[in-house]
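Down below are the structures I want you to see.
Next come two complexes, and both contain subunit A; in the first it sits with subunit B, in the second with subunit C.
Coming up: the complex of A and B.
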């Protein structure tokens, strides 16, 4: 083991906490001295090669749980506002959830954070697969990686040891090859790795981090941060125990949880068709952006119906500890791009490479999905940028002189594949797109901004939120830029009885999804729920995402108790969610974001949806109602009219003494 | 009627819940390297095969054990290790053709599936039903029926045509 004494800088790993006493946040829980207090974080400085391992203080657990929560606490305290996301001073955080390893709810989620090279704000992406449990079995719950290696390296983490290893032979390899080569190098098939592809090496701003065939920490450009550190991979192999406070009761309760999830129609549909199942309803209704943002329904899009995956699928695939198994394992046996074995695609890729580009063939999606996974690109950002470029080309804002001779016309899959390759390798026109929306808009100018469907610089997925104010508010307030996984109250689309909605959300909420009434509450509540879900390291699909009667606060409390001995009431867990979300808010605010950034692309307010069922047609977002909804949302979080956390809220959350450049 | 732990690898989703519940049930911790069942995976080809002791009719482990520490449980049919006799020589591990015996590096003991006394926990948790606990007589009938389905479908089509 290459181990050194901690440096002065590493010593401030958990600074800020010394200033916060648990009593000040009203902590009443009984602390059981179990394994969770012994678990460690490793701090790696790639510039100096120094590595230090330290326990994660019990206070941090109680205030931030784990996963995204602890990552956000560390990000806030380590990365100052002036830090360039691609500089050695940016820090990459890898976090396993508090419940990582339990045999339920897809407990293998891994949270990856840094300052985002796309938005300049919170960078945070959550990935399933098998890496997080392997890291925990290898003895670490969290990693903080700073500095920059002189030449390509990978981290090797094995049963309490951390090593920085040469990765020159891996540089230039795709994400699948890299994982196989690391397994071969270590002569161990069980090694799990987080890796970047050529896109991350070329510092494509929206490069992702991959593990397995399909699991990707896609959003906010975390692969670009890895590339900037010359860090090709993080590999883990562990054989140590993950201990729990009440193992027998936990085993029984996990079974109950899995049954609860599998009783929902959503989970059963997912088991069969994956998230593609969403397409049929949303496309029929008119909730899918098509030709970038010109239409809200893809006509003649039958080939993209989920049933057609049966032509290619050889079975489903699950992440660690998951009974839902929502990923297709697919094989493309014929055609110019065969043979391909891949996993996925998600509903979002169906939009990114299908509806948004007017591509209508399932095979196009399968090839593009495989390509972005191989190169290590975020599917949503890639599709969003190409759709934007196609509209600019159509409108004559760019022409063949800008695109190096490429005719980027709607529905042309060859153009799509060419542009994916160009972006990943930073060649030709792709080099411009590889910088992401904000730099590309600055370069092209000529009113191109109007056509870019992004929030805070990050592309939205292919959903059209104009008929659905709750979903629209969620992408506007998301701390990481346009994104559905920060808050999406997808159950709003079900038209549930208002009594049930009141029971869930704790106050009146309209059951009409085109209404603005109570929707701020929905978004706020879902933000807190998903924040806690990501901090526990479990899957959003197995909580209130698309299923109403899925595990939530009460079930989380019991799982935490059985796994760690820590006790939380529902209110306390919601407060933890509030603390973490407010920490993210403060990170963004001190980086220069404000209320004006919590908005939607102009077109949402100006252009009514042209097609769709009567409920979805002719809809746009009412600016005045939207602003009112935003103010209500701030108030629910305990933030003022400008979106700044109020002093009393910061005191309540124990964040008032955090080193802040804002307050 | 004794039952058999039947593996239908085509249904396996590779989630490894079987490994984690096995170690949680037997060792009270989550640790796949101390589980009695493991999923062999070829990730980049999408192939997942759960592997566990087959409780053989003529068990090699029983034959090679110099201490006669491996014996069949009359109730469940499982081959069980008598840890009072076992000296940890690992001959069973060396000779088992399926990797049915695991070695627990932490305790120095060999581990093998004991069918959880007749109610295998992995089977209860396996959502895609890749692991099933079936009566020995029905396994064969199930496989035959699955194979016959191809003929059955064909015959239905032919009859419909006529």
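Coming up: the complex of A and C.
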């Protein structure tokens, strides 16, 4: 890293970083006085009403970049292990990425973190749309919100000012109404908001945070944390400038980046069909869980094929800084649920409300997608829990006495819609599901856990990873619970030449997606890449996630240099990723997680896939090979056999002086 | 005298290929000695467009821009022989979630 004289001081809000540890990782000073060093964080205590704006120390930028990285640093340092996720002591962090605002790579992503009310570990969700750039224009890169308001409030952030406002009139409103009303209140159509719906108000553990029609910070229950603070919304409007170090060169390079992305088939397919395009490939092969986890392919599921969205789509839209535009805008003009105007659905929602429940109509998906967005529920958790309940009902583990008379049968869209409504309002059987897997399992008992497809308490998406060890390892190790967005090496499914894989991953990796060889390295590498991606605030879909020739380390380094003046080599950026991921690991370890939690639902090891093409049929995860892969993965991170970061790795990352309430 | 048998392969078409052909699946009856190259050549001749770009002319193998699998196994070398009831998926790289 380039050396200059330090000009900033450590701020008390960013506690836990000792200068000795900064020097130990090679940091010597701040690059210059351009934009990145002037940015601020706002600290809001909703109990006392106290608000403080403080600069973000340059040292923290250098070590954690922004977005998820700084959020994780703050989470680790501000939320102690004993904190109840729904108590005023939990802190909600909102973070814009280091590259937020550049006209490329979907740079409008916002990271939202807190202790998760679902897993009890790292809570973290990343959302696109337009909120993050607006927050930056309003003068802040990060928010840390603690305490609990006496009555419903929302935060109003405008050109360097933060105000706590009454939100009593917004309480009870859905996510769309809330955003409209805030715009009306301020007589400004350009106001962007993060909001919760009734699910967040009712403390549904997997309530999401919405912005716009479809963008949601869905995972780990961040909307529930907002609800617990009586915080209905965070609204931003800004007219300040975002400065870049080399604006002309940056603009040219952004153009180059956008062209690089749009050259990929993946991006062009996204522009046409959205992420639904994945369904044709995975369902044909047999990589999709159906009827919860009973089958791995949906037969007679033709109506869910991506071209059928043409019946409803009125156009595609995108997030800030995006040239891809992967989001359908759709209208349901006929039928019992019309009229509906919505956006999406993602491939994952197609699975959550389609394949997992044996619902085979596109319209069902569109209605359910609209409902969860309106109420503010995570699609994956909602679909996963309902699929689990349907299998329990089928197997007689629960019956109509448990479900208040509801026949929870496969493929019944009325039951799906009813349960979504019940969950969001905490009524009937939905009230039990609203608590998430762990409490619901404890309540139902009778062997119900075996059928629950979750890791660390969080539902998996609808992909069936039994034929794909790399994807399976990724959901097992994810710091936020079963999740594909922490590490999924989707390019493993492409059978790429092994020379190319070695070039990307730096060591031999099998090109056979059913193999275990080298897959720990793939997961480790992708974890670091996505961690940095989330810290830069750009879209994973425009990196090496689903397209092999999309931007990665080298391009990130150049963008950072042009935007901020900071210089990182590829190795240094990977080390930043390692530092952030290890911080997340430490947060979970401190909260009681260990190697035993980095595993898969029992069915992955016991039940072979019953259908699919020959490569995917009859597959289950080999427990012994899985454990070997897990150990290899730990070693790559510099963690020991139990998954504890080794002392030398902590020293290398500058994390050895972190708070004493470490494991 | 050598008897030439025929085999039937099912082609599952996704993404752009589905739009070009206008069908999700087609069944082709081919010579039992046929390789994947024969089938791709036949499709390129018949449908043109993206079908003509599946094989990278520089390398002679399937381009990284496309994904072709036989019974789920991704194939790059087109000199692989096809068998009766093989399921050939022709698509673009898209997967994962």
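Rule of thumb we're sticking to: the second predicted complex is superposed on the first by the 640 of 663 C-alpha atoms of A that agree within 3 Å, B and C clash if a C-alpha of one lies under 4 Å from a C-alpha of the other, contacts with A are read in each partner's own complex, and residues count from 1 in each chain.
In this text, contacts are C-beta pairs under 8 Å (C-beta built on N, C-alpha and C of every residue); 3 or more make two chains touch, one makes a residue touch a chain.
Note that this is a predicted model, so its numbers are computed, not measured.
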{"item": "Partners on subunit A (subunit B, subunit C) - clash or fit", "value": "fit"}
{"item": "Partner chain(s) touched by A:490 [first = subunit B, second = subunit C, both, neither]", "value": "second"}
{"item": "Partner chain(s) touched by A:404 [first = subunit B, second = subunit C, both, neither]", "value": "neither"}
{"item": "Partner chain(s) touched by A:280 [first = subunit B, second = subunit C, both, neither]", "value": "second"}
{"item": "Which superposed partner A:269 touches (first subunit B, second subunit C, both, neither)", "value": "second"}
{"item": "Angular separation of subunit B and subunit C about subunit A, which is computed from CA centres of the superposed model and rounded to the nearest 10 °", "value": "80"}
{"item": "Per-pair minimum CA distance [subunit C against subunit B, superposed on A] in Å", "value": "16"}
{"item": "Common interface positions of subunit A, toward subunit B and toward subunit C", "value": "none"}
{"item": "Residues of subunit A defined as touching subunit C within the complex", "value": "264-266, 269, 273, 275, 277-278, 280-282, 284-287, 302, 305, 307, 347-348, 461, 463, 471, 484-485, 488-491, 493-497, 500, 511-513, 545-549, 612-616"}
{"item": "Residues of subunit B touching subunit A in the complex", "value": "10-11, 13-17, 20-21, 24-25, 27-34, 40-41, 43-46, 48, 105-106, 121, 124-125, 127-128"}
{"item": "Interfacial residue positions of subunit C with respect to subunit A in the complex", "value": "12, 14-16, 18-19, 24, 64-67, 69, 71-76, 87, 89, 91-97"}
{"item": "Subunit A residues within the subunit B interface of the complex", "value": "101-104, 130, 133, 137, 176, 179-180, 189-190, 212-213, 239-244, 247-248, 250-251, 254-255, 258, 262, 271, 314-325, 329, 331, 341, 343"}
